[in-house]
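The structure is given below, and queries will be raised subsequently.
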Amino acid sequence: MSVTENFKPTIVAFCCNWCSYAGADLSGTNRLQYPANVKIIRIPCSCRLNPMFVLRAFQKGADGVILCGCHPGDCHYTTGNYYARRRMTLLFSLLDFMGIERGRTRVEWVSAAEGAKFAATMNEFTETIMKLGPNRRLEDLRCRKD
Amino acid sequence: MKRIAVENLQSLFAAVSAKKQLYIPADDSAGQAKFTLWSEGTVLTEKLNTVRSAKDLFFPQVENLVNFKVSSKKIEILENRDSSEPFVVFGVRACDCRSFDILDTVFLSDPVDTYYQSRRENGLVITLACNRPAETCFCGVFGIDASDPAGDVTCWMDKAYLYWRANTERGQELTKSLSVLEDCDESSVDAIREASKQILQKLPLNDLDLTDFRENKLLDVFNDSAWGELSESCLGCGTCTFVCPTCQCYDVQDFDNGREVRRFRCWDSCMYSDFTMMAHGTNRPTQKERFRQRFMHKLVYYPNNNNGVFGCVGCGRCLQKCPIHMNIVKVTKKLKEGMV
Amino acid sequence: MMETIRRISGVNPRKCMKCGKCTASCPAYDEMEFHPHQFVDMVETGRIEELMQSKGIYTCLSCFACVERCPRSVEPAKLIEAVRLAVLRQQNENHLTANDIAEKLDPELPQQAITSAFRKYRK
Amino acid sequence: MQRIGVFVCWCGSNIAATVDVEKVSQVLAQEPGVVFSTNYQYMCSQAGQEMIQESIHKYQLTGVVICSCSPRMHEATFRKTCEKAGLNAHMVEIANIREQCSWIHKDMATGTEKAVILGRAAIAKVHLNAPLTAGQSPVKKRALVIGGGIAGIQTALDIADAGFDVDIVEKQPTIGGKMTQIDKTFPTLDCAACILTPKMVDAAQHEKIHIYSYAEVEKVKGFVGNFQVTIKKKARYVDETKCTGCGLCTEKCPQKKVPNAFNLGLDNRRAIYIPFAQAVPKIATIDADYCTMLKSGKCGVCSKVCTAGAIDYKQTDTYIEEEYGAIVVATGFNPIKLDKYDEFAYSQSPDVVTSLEFERLMNAAGPTGGTLLRPSDGAHPHTIVFVQCVGSRCDDEKGKPYCSKICCMYTAKHAMLCREKYPDTDVYVFYIDVRTPGKNFDEFYRRAVEEYGVHYIKGMVGKVVPQDGKLKVQASDLLGGSQLHIEADMVVLAAAIEPDETARPLATMLTASMDTNDFFTEAHPKLRPVESPTAGIFLSGACQGPKDIPETVAQASAAAAKVIGLLCKDSLTCNPCTAQPDELMCNGCSSCEKVCPYGAITYADKEFRGPNRTTLLRRVAQVNPAVCQGCGACTVACPSGAMDLKGFSNQQIMAEVDAICR
Amino acid sequence: MQKRLKEKALELLSNCTVTRVLGWKTGEFFYDLTPAVFETAEEVEKEFVYSGFSGANLSKYLIQESRKQGKVAVFLKPCDSYSFQQLLKEHRILRENVYVVGISCNGLLDMEKIRAQGCEGVTAVTEDGDTLTVDTLYGTTKLSRNDCLLERCAVCKSKKIVAFDELIGEQGEELESNRFDRVAELEAMTPEERFAFWREELSRCIRCNACRNVCPACSCEKCVFDNEKSGVRNKAIADSFEENLFHIIRAFHVAGRCTDCGECSRVCPQNIPLHLLNRKFIKDINEFYGVYQAGADMDTKSPLTDFTLDDCEPSIVHERGGVQG
């Protein structure tokens, strides 16, 4: 159990440049706290997220991966998040099919005005990952930090 | 010669396993045979042979070579050899046993591949004569007697007994330590061998004639017009290579986990488009050249360099597993047409 | 106490913008000493005791006109109901006896309202 | 190997208070490729920028990482800084250690550790950055204004006065919009028509303005500077070039029972009509829903009376394709439908009217000729109740969550006008708050109360019941602490306003974003209020949010200024972060093309060198960098990974992932 | 059937409709047929075979063949015709250079299944209705034909030939198939069981790439797993993660394009049921976005290059039934 007690999860948040990255900035501007485990990678649009990036993150030691994009209908590029939504739905379903914990992956739509939602989402997601413990089912042993 | 009743096989395995790690061919979850580390309950397969050859135990598909650590701006080199402990492999067929000779020629000649060497030194081979060869078997073509294989120890099996003959010093040493074995007469296996030979003679591929390839016809074979047709349907996958007991090509790759770099080698296949890729590209641009390379190597280059010994042992794995059923037998026969 | 009321009712009185439409809609306005918008205000400012003492909470018909009309979905009637429940839970008083029913009967009033009120306020 | 410089900003104490900037710059100095690392109080200051420039020269930096505030804040600043020092702008990466680090963490150790990781990710990315050069795309010097209300007219006039061609597309047969229906304007009470119609005429006569009336935008393609727009001119069955606007047909048409939309259905018009006397263009239009000739082929009266021979029953919708450099949205607003608010009896009594209907009833050109009469019996009303905030300031389910902004003022205007014209009427205004933030607005409202004796009552109307020709109004008086029962002759509802229903499909065509209420979103709520986030799309008037006339006109001119600024340029710098296919790996499968929202991807059959001196003809994707906006949808649709995105390449993103997870 | 196919091949060659015929060529044994291009009548006469072991899907070869000089004839079974049409849709095959002879099909045989039923040293198989007579070096056995069908044939989704110039045999119908049963069974397991199942299966992978190289959808000019620049190139499975990575990404890349032709599982030397991953995607697509069959027509948009405004959210994976992980 010591593993879980000292567990400091690594969480990668892919944020679209136009809504969610701005939403993340806003939660900073409003001084809303969320765990430092969450590290944000800026991508132009949620549709830029290649499933390979998600798997890469798990390989290199991430315990949770979350994608944040504009709300459906609000995509800066009009339709990007609709494609992202289908891709991630199918990817997550396949991961689930392969027995990977459902909670490790998530998609959340966060607008530029939803600083509070961003922080709340990250707090909640981190909590979920804390409960799940370290990623063991989709890890690369060569990357394990011991 | 020793023997043990078939129903007591598990106690033999237990006795060997008590001394060294023991690998035996056992069925995996898909019902295919695979060399498996023996533990209580591991049962010897009824299949003729394993899907992957016994090569895996001496030349694994992936093997660590060395690690680098990059800290600030310095590079540190760290030894990262997979430890090789003494082990015994039971149930190696005559074909696979012969493949070790071929691998030895490659890996143990100067410069010696110490990774392979340490495994060879640590590994004791117990062969098992074939009673029921498959239609795809053609080891006889290479002068291999499947009814009397080599190895540190040779075994035969019938319904009642497993017969055991130590061939080498190492084999004898192991035999001595195994009290479960009982003495028996050398002639006990004659009947088994005879029955086996009867079958071996009837195998459909026995007529494969390789004599023409022994002569130095390198360029003729290389330029044969049949290669295009033969390779046409090849998918360029690595199945034949990876199930082959004698293929020994590998690639060296690095894996960076962000804190240190692991350098490892892994099997490569000359059927792959990026095999021996160089800065200028590849010198085998189409599947025809890659396909030709594999068979030229086994049928021409290797025998030319090694006193006429072919780089194939006739195990028949590629015949069974090739997705499009192209194989060394078909290639040989087709090429022979051009040699007349 | 304020929290209890909020919990029972599920109403957030802070959503109220004090427009008074509830009070404007209330058919029992004249029967009450506190009116729907005041209920909301009193719950918000914590004047719950006063409310619980009030007879007005029993003159509320639970017609839900205020709930229906409130532009902010504050739902005053639910607050009143919650206060009544709080009273019931606290005091077990008998607010409606069988004898009281006759005078309450009104052809305009649905029978069901009487029945449900009787069930609720009878000890 | 890049030579990377790392610059850690303190942002005064904004970063330095929770991030040990000294430590961050020291640790990052140890990263491979980093040849210089420092920290400074304000990197964005003149001195900070000079320090970066000097370091670029001194250490021959090929890449720069700045650990500072959000790239949304100063990425552009730092890129320019580095560009001036001779470094390509895209060799700069920002690690966001303020908004996404120092401001969300309280603990120095946590903040520092995270800042280091974010810095590493930026360094890892810079290692793979390549200099990018933005392409140029030409600007079509013509603007399109969608909507011909006061906002559209003002924008068009301003753009045209600057010397650029402007087209106005108006869906109604005339321009003018809502303002044409209004009687007087607050707070000055001048006549709306008197100030609007000259502008309409100006627009019609301006040589740089072309008006497409009775037309709609059908399709929009392209991007800033190069929009291709298809405009649908709806069939009006009247030849615009021949019609003189004499109006004879509108008098002779036998179909008299057509609800007059201009008067909100308060009276009837003919099937062929000119909306109002000052319509621009003053051309008749046949209402195909009512015209017996079009419906059954029997009639043809208008054709017979038309001396100009302008009637053409065979006219069909026509489509015009035009190119524009900029598009202005000025689609305006409408009052909401009141079906949901039946407590006010709007559907039960004709004497319950909306404020806009009330405008028509007060208007000299309206159905009653400017005399205030009850629609039900044409009697003079003596008691009028105005109800504020109908459908505004509601919970999402109950109506619009926003304040419609204009109702307080026009209600004050209506109340005042009633009392002025008919001093014997009692006028009640029920309000929740009276909101009068505007020049001379509160004075106006106070005049209504003090000089005109309008009864302002804080409270709300609960229900209106039509009974015996009267309207029984039950309301609360919160300050008086009573429930009021008023017998009114008329009830006027200040209905909330909402964006025009054409706005949402238009936004989709324009790829412009909208908020949940269908108002167009501005690029920045404070600093770029008249631009849409979609480049080349500008916002004018109430399509962006509720506005009164002065505000609308101000925004219209502001949008025009922005358009002029754009059209002045001969070419635009394109987004350099575009998709780029590796033709050698492209399968030509069209997956990328199918997901591209801009149609930036086409295919070409190209010859490639095959093995053994052969040539192969292959279908490969081509990206038009002037059209590509860099979303990256194609990069993921591409199974072979042939399509990559410059500036956010697969390798760059994976390097960031690696750095964060390591 | 073989006779009719041979006749057709000869006819097409002799009347110059085509210059080449793509079919199956005889091997050393009765079962080891190799896809081959026949250019002369003599070759066809001598070596052309069509039998229960002509399982190989020939459509992928057309990517190359249709780009060569002259027209090529190809024999496509119903399921192969879906692959063919999907490739057409992706502009990979030049239709004008191909003459498609659609052939009806009553299911193909799986040598692995015959061997798995205890037949060693098989020398001949004769089909007689529902029975197979298997001659081996060690005697003769009779097997039920149904037990020896390729997995994809046992759960055949369609007997319809969706693209052809000419038909031999009857045109068939799309079938009610129970092909998703196994997927559903796995879905009903706990995540731990599913994880254990896939670990066991995928741990056998030797990354021979047979599944990829045989797959008609995996026809990339250069696969990401062979491409140094992709960042995911690898040649061997150095860690169990890479097993997952390869098969997840491969399944994802063919999602919406996979016709469920089953070749991946047929060729896997380690008998990994790889088709289950693809079928899971197909099942999900059918459930989330409406029934879609890749290759069934030329027009319908692939579900991954399409969307609707009210698609389900990814959280559906968390919300729907089954045991939470």
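Read from first to last, the chains carry the letters A, B, C, D and E; within each, the first residue is number 1.
Quick note on the criterion: a residue touches a chain if its C-beta (ideal position, glycine included) is under 8 Å from a C-beta of that chain, and two chains touch if they have at least 3 such contacts.
Source: prediction; values computed, not measured.
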* Structure fact -> Contacts shared by chain B with chain E include exactly A, D
* **Path length in the contact graph (chain B to chain C, fewest steps)** => 2
* Structure fact -> In terms of mean CA position, the chain most removed from chain E is C
* Structure fact -> Comparing D-E with A-E, the one with more C-beta contacts is A-E
* Chain nearest the global centroid, as defined over all protein CA atoms shown -> A
* Structure fact -> CA centroids of chain A and chain E: separation to the nearest Å works out as 36
* Compute the distance, rounded to whole Å, between the mean C-alpha positions of chain B and chain D. => 72
* **Separation of chain A from chain D, taking each centre as the mean of its C-alpha atoms, in whole Å** => 32
* Asked: Hey, how far is the Cα centre of chain A from the one of chain B, in Å?
  -> 46
* For chain D, what residues touch not just one other chain but two or more? -> 595, 637, 650, 654, 658, 661-662
* Structure fact -> Listed in rising order, chain B residues that touch 2 or more other chains are 255, 257-259
* Asked: Residue numbers in chain C touching 2 or more other chains?
  -> none
* Asked: Which two-chain combinations touch?
  -> A-B, A-D, A-E, B-D, B-E, C-D, D-E
* Once bound in the complex, which stretches of chain C touch chain D? -> 15, 17-26, 29-30, 35, 37, 65, 69-73
* chain D to chain C touching residues, read off their complex -> 343, 389, 393-395, 397-399, 432, 458-463, 474-478, 483
* Structure fact -> chain A residues touching chain E in their complex are 51-52, 55-56, 58-59, 72-73, 79, 82-83, 85-103, 105-107, 137-142
* Residues of chain B touching chain A in their complex? -> 255, 257-259, 262
* Footprint of chain D on chain A - complex, ascending -> 10, 12, 18, 21-22, 24-29, 31-34, 36, 39-45, 47-53, 56-57, 60-62, 70, 73-80, 83, 87, 119, 143
